[in-house]
Amino acid sequence: MSIQSNGQAGIHAGIHAGIQTSDKPLGRDDLARLVARDITSGSFVNLGIGQPTLVSNYLEPEQNITLHTENGMLGMGPEATGGQIDGDLINAGKIPVTELPGASYFHHADSFAIMRGGHLDICVLGAFQVSATGDLANWHTGAPDAIPAVGGAMDLATGAKDVFVMMTLLTREGVSKLVETCTYPLTGVGCVTRIYTDKAVFLTGPDGVQVRETFGCTLEELQAMVPVPLTAASAAGT
Amino acid sequence: MLNFPETVNEAVAGIRDGSTVMIGGFGNAGQPFELIDALMDCGARDLTVVNNNAGQGDQGLAVLIKEGRVKKMICSFPRQSDSWHFDAKFRAGEIELELVPQGNLAERIRAAGAGIGGFFTPTGYGTMLAEGKETRILDGRGQVFETAIHADVALIKALTADGKGNLVYRKTARNFGPIMAAAAKHTIVQVSRIVPTGDLDPETIVTPGIYVNSIVKVA
Amino acid sequence: MSIQSNGQAGIHAGIHAGIQTSDKPLGRDDLARLVARDITSGSFVNLGIGQPTLVSNYLEPEQNITLHTENGMLGMGPEATGGQIDGDLINAGKIPVTELPGASYFHHADSFAIMRGGHLDICVLGAFQVSATGDLANWHTGAPDAIPAVGGAMDLATGAKDVFVMMTLLTREGVSKLVETCTYPLTGVGCVTRIYTDKAVFLTGPDGVQVRETFGCTLEELQAMVPVPLTAASAAGT
Amino acid sequence: MLNFPETVNEAVAGIRDGSTVMIGGFGNAGQPFELIDALMDCGARDLTVVNNNAGQGDQGLAVLIKEGRVKKMICSFPRQSDSWHFDAKFRAGEIELELVPQGNLAERIRAAGAGIGGFFTPTGYGTMLAEGKETRILDGRGQVFETAIHADVALIKALTADGKGNLVYRKTARNFGPIMAAAAKHTIVQVSRIVPTGDLDPETIVTPGIYVNSIVKVA
């Protein structure tokens, strides 16, 4: 399979003429827009706290996506503003949100049954590290003096049909967060199916790590940053 | 993806031979008679059926059993005054029975929907329905290990659905509907009314649309 | 403890002057009235199919008893008649019933959670046999050609705080249903706390089988019918 | 028996030293602040507290922790930007922490109310939170054994109660309330409104009165 940039400016053109679909790394919002566009219409989705929450800004009404929040709601709308703010209506990040038509409320065991029972099509999570086999580490730095807090991360990682990770590919120190084996404590084993980063979109699965597209680098340049073997994904694999 | 077939026959058309089918209802309340009749018409056989009973009289599930479509029943109360079709098949050795205490049946169905592989419960401990099953003492009581019951399809009846597939039920017709909807890969619901999305109060929805695949209105 | 009849006619006088509180065996309705009166006010109660259902006819409104039915309701009212009949509102015996103010509906797993989680104060069940240690057999005759059916009997027997049995003391053949060890398949182990029969009320527990009162027989006459050692209960034991 | 104390202090007066207390709420939604303050006033200590978090800021549960009333927290997310009182006690070794994935926490609470001694779930499998726990393969997946969490007392907040103790909640303030009410021996509820029995629609009641012991109206 030939790997080459098509030299096209801007983000993803929707046609996999070449694997490099942007001539520069994606910003957080461009990445959120890309994730949003990749979500199949009609899906039930949970967006993790932090960067994944940005995805909701780019979901189109025509996609008919239903958002779940772990604290007991399906049909969550955008963040509440002004007079919409209601202390009894918050998301997992404890931020006031709104309710869309067709919403429903339920208690915590029922809410987690949705997550744990495999009913969510997609969850989007942040990560400290993802391994080549899809292991996820996103809840604990492992530092001996750190106070651990796990929340619903393990339930989402284990329960959703597809787990998408959104993260910068490299730490501030320039170390790849896509690793052979996670050194941070795991959140879930073999659960991640896609990794959206500023530099590339990776697919994880039985065929190893495949690169769907790159942003501002070639596959060869990407391979130089990442300590796991990469192959280019076929268009069908997206 | 949620769809709204025009007819019950269209709704059940995808049910294949060998499927495990959960059927809601307790007595006649909540029984999706029209969907069961459609299942009869569609011809699927070698079915494993999960229901509280094993058919009554000459209608619904009893007809499926009579016609030899059901190879196994998982239920709590097969024997009734009018369960003659099941009784005959059972005595003839032509149908398999897994008899489950009703609460274990409900909890095992709920477990499948909730991502619980199995659980320990005191119900049945020390009885012949626990023979051969793993037991242990928990919370100071003997408990029996029971596993989740998954299904390919659930056929249930609700009162009202909205455009998102959210459901509300009516009185004791609710019974197995909500837990079967969650336990099956594909849930087909017959309802009396379909209302515009937003017409159901979000506080009162019993089955969120995430558990529902097909909704068909039955007159 | 002296055991004697007080020779009083009619049923239970409410004072345990003597253990024989009726000069004849109790009929089904008198027994149901006795059970009803023994239910502590404010209790949550499940009445089994058959004879136990009669108890509901004798509960007084002042007792503020809430009836549970396994098929998903608390606050069940009397049997429905005429225009009240609604096919969506039935009890565990599939008989149309009514709804009282303060009723609630729930699905089957939630309904059985009420039973199995130990939340019902009392359930009243029929029985084929009860053992001296409170084992209950009421679901299966054990006959090789019988088609078994268990329903919610095991959940009730195992889950309720108190399990009351209502039965005739003797089979039609005159054999005691109160036995040393059940020969019929068990419904639950050591679960029965009281046995209401036409001839006596028995309390089962760590002190063996105690007789609270007899109907139309002395304790000695009762003992002659029953193959387990009986003692008279103190009034405090009721 | 259900009662209706006049004040939150009267409602919590029976809570003893060493009790396990479940406290509802996720963030501020559904937190029974007035009941927590009353628990502070009543002086009970050596408490094991079950809550999603471990106190925030300088109010509610955080004050209980600061004052040394809590010997152990069972929670999923203790560390927050404003969890300074818990953080200080934890670093000083003055409070015990049982960290539980949030879904396991909810399911373990639900198990206690539903008469389930323990269950197997995939959540946490292969992670440090499953270390030392029994595991087995069920439904083709590695699963971890988790046990029920029972409590002596639950303190929760609902929107409306009726005279039978039936409860309805409001939006995402429902969260842990219903499952904690069922898991505790004694459930104390603060509500905004008490309505006559019969005023709540039986189809919409979330917590039946059987799970409720004390209801106190909070302005």
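Should a chain be cited, it is by its letter among A, B, C and D, assigned in written order, with residues numbered from 1 in that chain.
Basically, a contact is a pair of C-beta atoms (placed from the backbone, for glycine too) under 8 Å apart; a residue touches a chain by one contact, two chains touch by 3 or more.
A quick note: this is a predicted structure, and the numbers were derived from the prediction, not measured.
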item: B-C or C-D, whichever has more C-beta pairs in contact; value: B-C
item: Where chain A and chain D are represented by their mean Cα positions, the distance between them in whole Å; value: 31
item: Distance from chain C to chain A - Cα centre to Cα centre, in angstrom; value: 58
item: Rounded Å distance between chain C and chain D, as computed from the means of their C-alpha atoms; value: 35
item: Junction residues of chain A - those touching two or more other chains; value: 99, 105-106, 109, 112-113, 115-116, 158-159
item: Multi-partner residues of chain D (each touching 2 or more other chains); value: 107, 114-116, 121-123, 169-171, 202-203
item: Every chain pair meeting the contact rule; value: A-B, A-D, B-C, B-D, C-D
item: Residues on chain A engaged by chain D in the complex (per definition of touch); value: 69-73, 86-90, 94, 99, 105-109, 111-113, 115-116, 135, 140, 145-155, 158-159, 185-189
item: For the chain C and chain D complex, residues of the former touching the latter; value: 42, 44, 66, 68, 74-75, 99, 101-106, 109, 112-120, 158-159
item: Residues of chain B that touch chain C when the two form their complex; value: 26-30, 76-80, 83, 86-87, 90-91, 97, 99-104, 106-107, 109-110, 121-129, 142, 169-179, 206
item: Chain B - residues contacting chain A, complex; value: 1-2, 112-116, 162-164, 166, 182, 197-198, 200, 202-203, 205, 208-211
item: Touch list for chain D against partner chain B, complex; value: 107, 111, 114-123, 136, 138-139, 141, 143, 147-148, 150, 168-171, 201-204
